[in-house]
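First chain A sits with chain B, and in the next complex the same chain sits with chain C.
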Partner chain A sequence: MKHVFPKLVFSTVMVLLVGCGRSPEVAYKLNSVELLKQEKLFLDNGDHFDDSYKREIGSILTAVFGTPNDPLLPVLLKDDDPVLRVINSQHVARSAGPVNRDYTQVRNGLYRQHCAHCHGITGDGHGPTAPFLNPYPRDFRMAKFKYKATPLRSVPTDHDLTDVLINGVPGTAMPSFRTMDGDQIAALVDYVKFLTMRGQYERFLMAELSNLDQGEPLIDLALAKQYRVMLEVREPTQQQQQQLGQLEEKHLDTMWSVVGARLIEDVIARWVDADKNRTAVPSAPNAYSRDDRDHQDFLEKGRRLFYEKGNCAQCHGDTGVGNGQLENFDDWTNDWIKTPGVNPFYPNSYREFTDAGALAPRPIKPRNLTEAVYRGGGQPEEIYLRIANGIEGTPMPAAPALSSDEIWALVAYVKALPYSRTYHWPAKGVNANQIAR
Partner chain B sequence: MKTRKMKTRNMKTRNMKTRNMNSHICRSIALLIAVSVAGVWSSLASTEVVAEDGWGTLKGRVVVSGDLPLPTVEPIDGHPDQSICVVNGEIPNDDNIVIGDNGGLRDVYVMMYVKGKGAKAPIHPSYAGGVAVQQVSIDNVNCRFVPHAVFVKTGRSILLKNSDSVGHNCHITTFNNEHNVNLPSGAEVKVTLDKADKVPGQVKCDIHKWMDGVVLVRDNPYVAITDGLGNFEIKNIPAGHWEFQFWHKSAGYMRALESGSYKFGRRGQTAVTIVDGGKLDLGRLGFPTKFLK
Partner chain C sequence: MNLKFYPSIVTKGLVLLWIAGLIFSGGCYRHPSAQSLEYEANAVQALRIEINSINWDE
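And then the complex of A and B:
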C-alpha cells in the first residue's frame, strides 16, 4: 500500500513531462525523390523548383485523395466515375484510418496495423523497417507490380494482389496474411490500388513542373478563388446564383475531360477491366507430365532452350544459381540512379537522393533457380507466366519469340533444376551458346 | 440547379466516411482545383493553329564547340560474349556521344514543342495514317543498337531484330511506355508504343550493360534526329510560328545552344517562323562540349 503514492507521483510527473497530447497528424509524404530527380533533369545545376510547387502539389493531392485519416476517392463530378468500379470506398476507409474496432467489432486501420511499418503510410515502400529488409518493400507509387497474370505496364488483377497477400512472397520479408478473413484482404487490396493511383498521380503532377515557366502555377488560383468565394456564400442571391452557374457552365463540361483526361483518367483507367489483360496460360503438353515417355526429351529440349533461344543462362548463370548478371538494378532504383551524375556504386554521388528519402541502391540478383524458392509462386502456371510475360520492374524479359510449347519445356527444366545433380560446370569465359552444344 | 446537382454528386465521394465538417472544406478544394485546372486547360486548348498557309521545311546543323571529349571504350573487356561484341577485333567506343569529322553531333532530337497536351499542330497528309510509312526498326549488331536513336509515332510499331549470334533482350523504358522482350539470335519481334512521351526514353540490353539506345514516342510527327554530320531536316511543317526543342541524351534539353540569330530557352526551345514553301535554315548551332555529361 505504501508504494502506491510514489507510483502515483511518478506517473503524474511523467504525464506532465511527456504530456498526454495527441501524436502528430498522420500524413502522406511528398515524393521528394521524384521532385529532386525532376530538378536534376530539367533545371540548371543546383537549381530548385519554387517551394510553392511543393505546397501546391500537396494541396492538389489532399483535395483529390484526402489524408490517411480521411481518404477520398478521386471521384470528380460523375456518378458513373470509373474509380467507383475499381475501388470500394468503404474498403479504403477501413484500411486507411487509425487502428480500432467499431461497435460491431469490425477492425479498422488494417493498413496501419499490418502494412505501414514496411510499406510506409504513403505506400512509398519506405516504412521504418524498410532500410533493414532485403529486398526492400514494394514502393507502390511507380505503379509496377512483379507477380501478376498481366503483361508489362498492365496493372495486376485483384486476384493477383489477393494471391500475394494470401501466400506472401517466399524468399522475402513479405509474409502470408492468410489468417485474415476475406473481407479484410479485399479491403487491403483496394487500399493498395488507392495508394498506387495516388502515387502515380503525384508523379504525373511532378512531371508537369518542367513544362511550367518559373513561378507559373500548376493551377489557376485566381479562378479557383473566385469560385471558392462564390461557393461559400451560404444563401446566394439570385444574381450570385447566376454567376456561380456561369462559372460552372464555363468549366463543368471540360472539368472531367480536363483533370481526368490529362492525368487522373490515365491513372484510373488502367485499373478498369484489368482482368481483360490477363495472359492466357495454355494447358501443358502431355510430355510435361513426368510419367509421359517423352518427358526426358522434353526436359532436354528445355535445357537447350535455357542456354540457347531462351537466353536464360546469360542472367541466371551457366548453372542456374543466379550469377550471370550481378550489376543490374530494378526499375524502382533505375528510376533515379539514371539521373546524370549518379553512380549507384559510389554513395557520395547519390547522397542528395538518399537524403531526400531514397533507399540506398542495391543490385538486383537474378533468381537462384536451384533453390526451389519462387517469389511469384511455384505452380507451373505461375512460372509459365513469369517466362512468357517477363517480370515487371526487373531485367527479366518477356518471351514473344518462344512458342507456348517451348515455354512449357523451360518450365519443366526450371522445375527440375533444384533436384538435378547433372550440373554443367563449364570452363570460365565459355559462351553460353557453346555450353549447350 | 446545376450547383445542387454538383454537390450531391460530390457527396458520393464522401460515402466512405461519414465524417465531420472537414468534408465541406475538402469538397470545395477539390472543386476549386478541378475548376482551375480546367481553366488553364481551356486556355491552352484554344491555341491550336490551323494551317491555312501551307507547309514549309526546317533544317540546320548541330556542331560541338570547345574541347572534344575523349572517347571512352565500352566496358566489353572480360565479358563472356566479347568475341561477338568486338568490331574487327577491336572494342568499340561509347556511342552516346558521337561527333562527326566536321564537329557535327549525332543523335540530337529536334522536336516540335507544343505547350499543353491538348494543343496540336495540323498534320500534313504525308504523315497521316493510311500512308505507307517506313518501318522503324532497331537491330542488334555487335552488341549495339543500330540505329542508336529512333523516333516512332504513337501507335506504330518498332521492329526489334537481333543479327548477333548471341542472345539479347531489348528493354524499352520511357515515361509512358515499356517493353522488355527477349531476343534470341536471329529473332524479329514487333512491339507497339501506345502513349506519347515528352522526352525520349531509353533502350537497354540488361545482358550487355553498355548497350543503351534512345527512343522517342510522339504523336506529333515533326521530329528529326541529327545524322552523323549533325544535320537535321523536318519537312512539311505547317506554316506559322512554332517552337522547336533540342535534346540530347548526354545533355538533356540543350539550353546552351549558341546561334547568332536564335535564342534557346530553359527547355532547349527556340521560336521559328515557317512560311509556305519556305526552307528555313537555322544554320550552324554550336554546343559547348562542357555541357555533355
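And then the complex of A and C:
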C-alpha cells in the first residue's frame, strides 16, 4: 500500500497523456446552424428535415470539394474553367492537408498549422479557441469579408486577403503572418477562397431543402441511373426515345439547378475578375496635408460631416469613442438571430442554436476612433475605402452621397481624433469659431 | 532538507478527482458543434460520375 498513491497518480497521468481513444479523422463539419435556421423558417414548429438530407448534402459537398485531406477543385467547365483562374489547385493541396514537409522540404498543411485552431477546419470561424476570442474569428462560409478594396456585396481581391494575412487585424487575435514567404501566403489565400466557396455552396444546398417535399432528394441518383441505363439501349423504340428525352430533361434540369447554376454562376463567377471591382482612391487634396494653410478648415469640414451629412456620430458617438450604438449585431450573427423566436439578449431563446454550433451572440461595437487602432489598416487610403464603401457584414454603410473631397475631409478628421486634445474641439457642435487655432 | 510529501486521504481523493475531471472535461470533451459531415462513399462516387459526364459548357 505504501506506494499506491504515486503509482495511481502516475498511471492516471499516463492515461491522460494518451487520451481517451483514437483521434477521429479530420473532417469538414456540417453547417448545423444553417440547417436549424432553415428548419425553423420553413417547417412546422419543432419539425426537422429528414436525416437523409445531412448525408446527401455531405455526399454532394464531398463529390464537389473533397475532404480536408484530399480537397478537390469544383472543375465543371472543360475549357477555361473559371475556378482555375481563381484558385491554384496546388495551393489548395498545400494548405489543406496534414502538417508536414515534403521531400523538397516544402511545408504543407499550412492552414491546419496556422489557421484552423481559430477559423476551424471548415472555415466556420469555430475552431477550438474561437469561443474565447473577442471578436470571434471570421466564418468564411458567408463569403463576406470586412477589409477589402471592393464595394459591398463584392468578394475581396487576392491583394485584400494577402494584406490581412501580412498585416493581421490590429486590435483582434488575428496576428500578422509577415514571416511567411509569398508562396505560403498565396497558398493560404487560395485555400480561404476554397473554403469560402465550399461554405457558400453548402448554404445554397440547405436553402434548396425548403423547395423539396420531405424525403425527395436534391439529386435523384435513381433517376440518374435510369437515365444512364436508357442511354445504353441500342436501337431504342419510339417510346423508349420519348422516355429517354423526358429523363434527360429532368435529370439535366436538376443537375443544373443544384450543381451547375449554383456553383458556376452564384459561387465561383463572383471571384473571377474581382480586381475589376476595386474602388479607385483619388489623391488627397492639398488641404489634407497638415502643412497646408487650409488644413484647419479642412479638419473643421470633416468634423461637420462627422456630425451632420456623414452621420458618423450616430454609431461612433459624439466624441468618437464608439458609444453611439451598442445593440447592433454583425451579419454573421444576424444571419441566425433573426430567426423567429430568437432574442440575442436571452440565452434560453437561442440555446438550440448554440448547441448546434453557433457562438453566443455579441453585439458589434462601433470602432473607438480615439484609440488610433484601425482593424482594416490605418493608412489614409484604407480609411478612405472604408468610409466610401462601408464595411461588409457590419452596420457601417457605404457613403455614396459623399464626394471624394468630403470623404478625405472625414479621413483627416478621423485621423486627428486620437489627438483631439491638441485641437480643443468642443464635445459636440459645428461652430468653427469655437475651435482654437 | 526533508521534502517528503505525505498527503492525507482527503488530499489524495481531491487530486484523483481533479485528474478525473481533467480527463472527462478535456480529453473526452467534444463540442456539440463538432458534427462531422456524413457522406456515403457510393453516393459520392455516383455523383462524381454524373457531374463529370455532363457537358457544362453547353
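Assorted remarks:
Operating definition for what follows: the second predicted complex is superposed on the first by the 359 of 437 C-alpha atoms of A that agree within 3 Å, B and C clash if a C-alpha of one lies under 4 Å from a C-alpha of the other, contacts with A are read in each partner's own complex, and residues count from 1 in each chain.
Here is the rule we go by: contacts are C-beta pairs under 8 Å (C-beta built on N, C-alpha and C of every residue); 3 or more make two chains touch, one makes a residue touch a chain.
Small disclaimer: the values here were computed from a predicted structure and weren't measured.
By the touch criterion defined above, A:Val373 reaches neither chain B nor chain C.
Legend: residue contacts after superposition of the two complexes on their common chain; A:Ala207 is shown touching chain B, with no touch to chain C. In the superposition on chain A, contact of A:Asp70 is made with chain B only, not with chain C.
Residue contacts after overlaying the shared chain place A:Val106 against neither chain B nor chain C. Within the superposed three-chain model, A:Glu327 lies in touch with chain B and out of touch with chain C [touch as defined at top]. Once chain A of one complex is fitted onto chain A of the other, the partner contacts of A:Arg55 are limited to chain C, with no touch recorded for chain B. Here chain B and chain C are compared by how many residues of chain A each touches, and B touches more.
Of the two partner chains, neither chain B nor chain C is touched by A:Ala360. Once both structures are placed on chain A, chain A residues 59-60, 62-64, 76-79, 219, 221, 224-225, 252, 255, 259 are touched by chain B and, in the other complex, by chain C. Residue ranges of chain C in contact with chain A, taken from their complex: 7, 12, 15-16, 19-20, 22-23, 27-28, 31-40, 43-44, 46-48, 50-51, 54-57. Residue ranges on chain A touching chain C, taken from their complex, read 5, 8-9, 12-13, 15-16, 19-20, 24, 27-30, 32-33, 54-64, 76-79, 126, 128, 219, 221, 224-225, 252, 255, 259-260, 264, 355-358. Of all residues in chain B, those touching chain A in their complex are 1-3, 6, 9-10, 12-17, 19, 22-23, 26, 28-42, 80-81, 83-84, 115, 117-118, 165-171, 173, 175, 177-185, 187, 189, 198, 202, 206-207, 209, 250, 252-253, 255, 266-267, 293.
Across the complex, chain A meets chain B through its residues 41-44, 59-60, 62-64, 66, 70-73, 75-79, 81, 84, 89-90, 92-93, 97, 152-153, 207, 210-211, 213-214, 218-221, 223-225, 227-228, 231-232, 241, 244-245, 247-252, 254-255, 258-259, 262, 308-311, 314-315, 324-325, 327-328, 331, 334, 338, 340-341, 390, 392, 395-402, 429-433.
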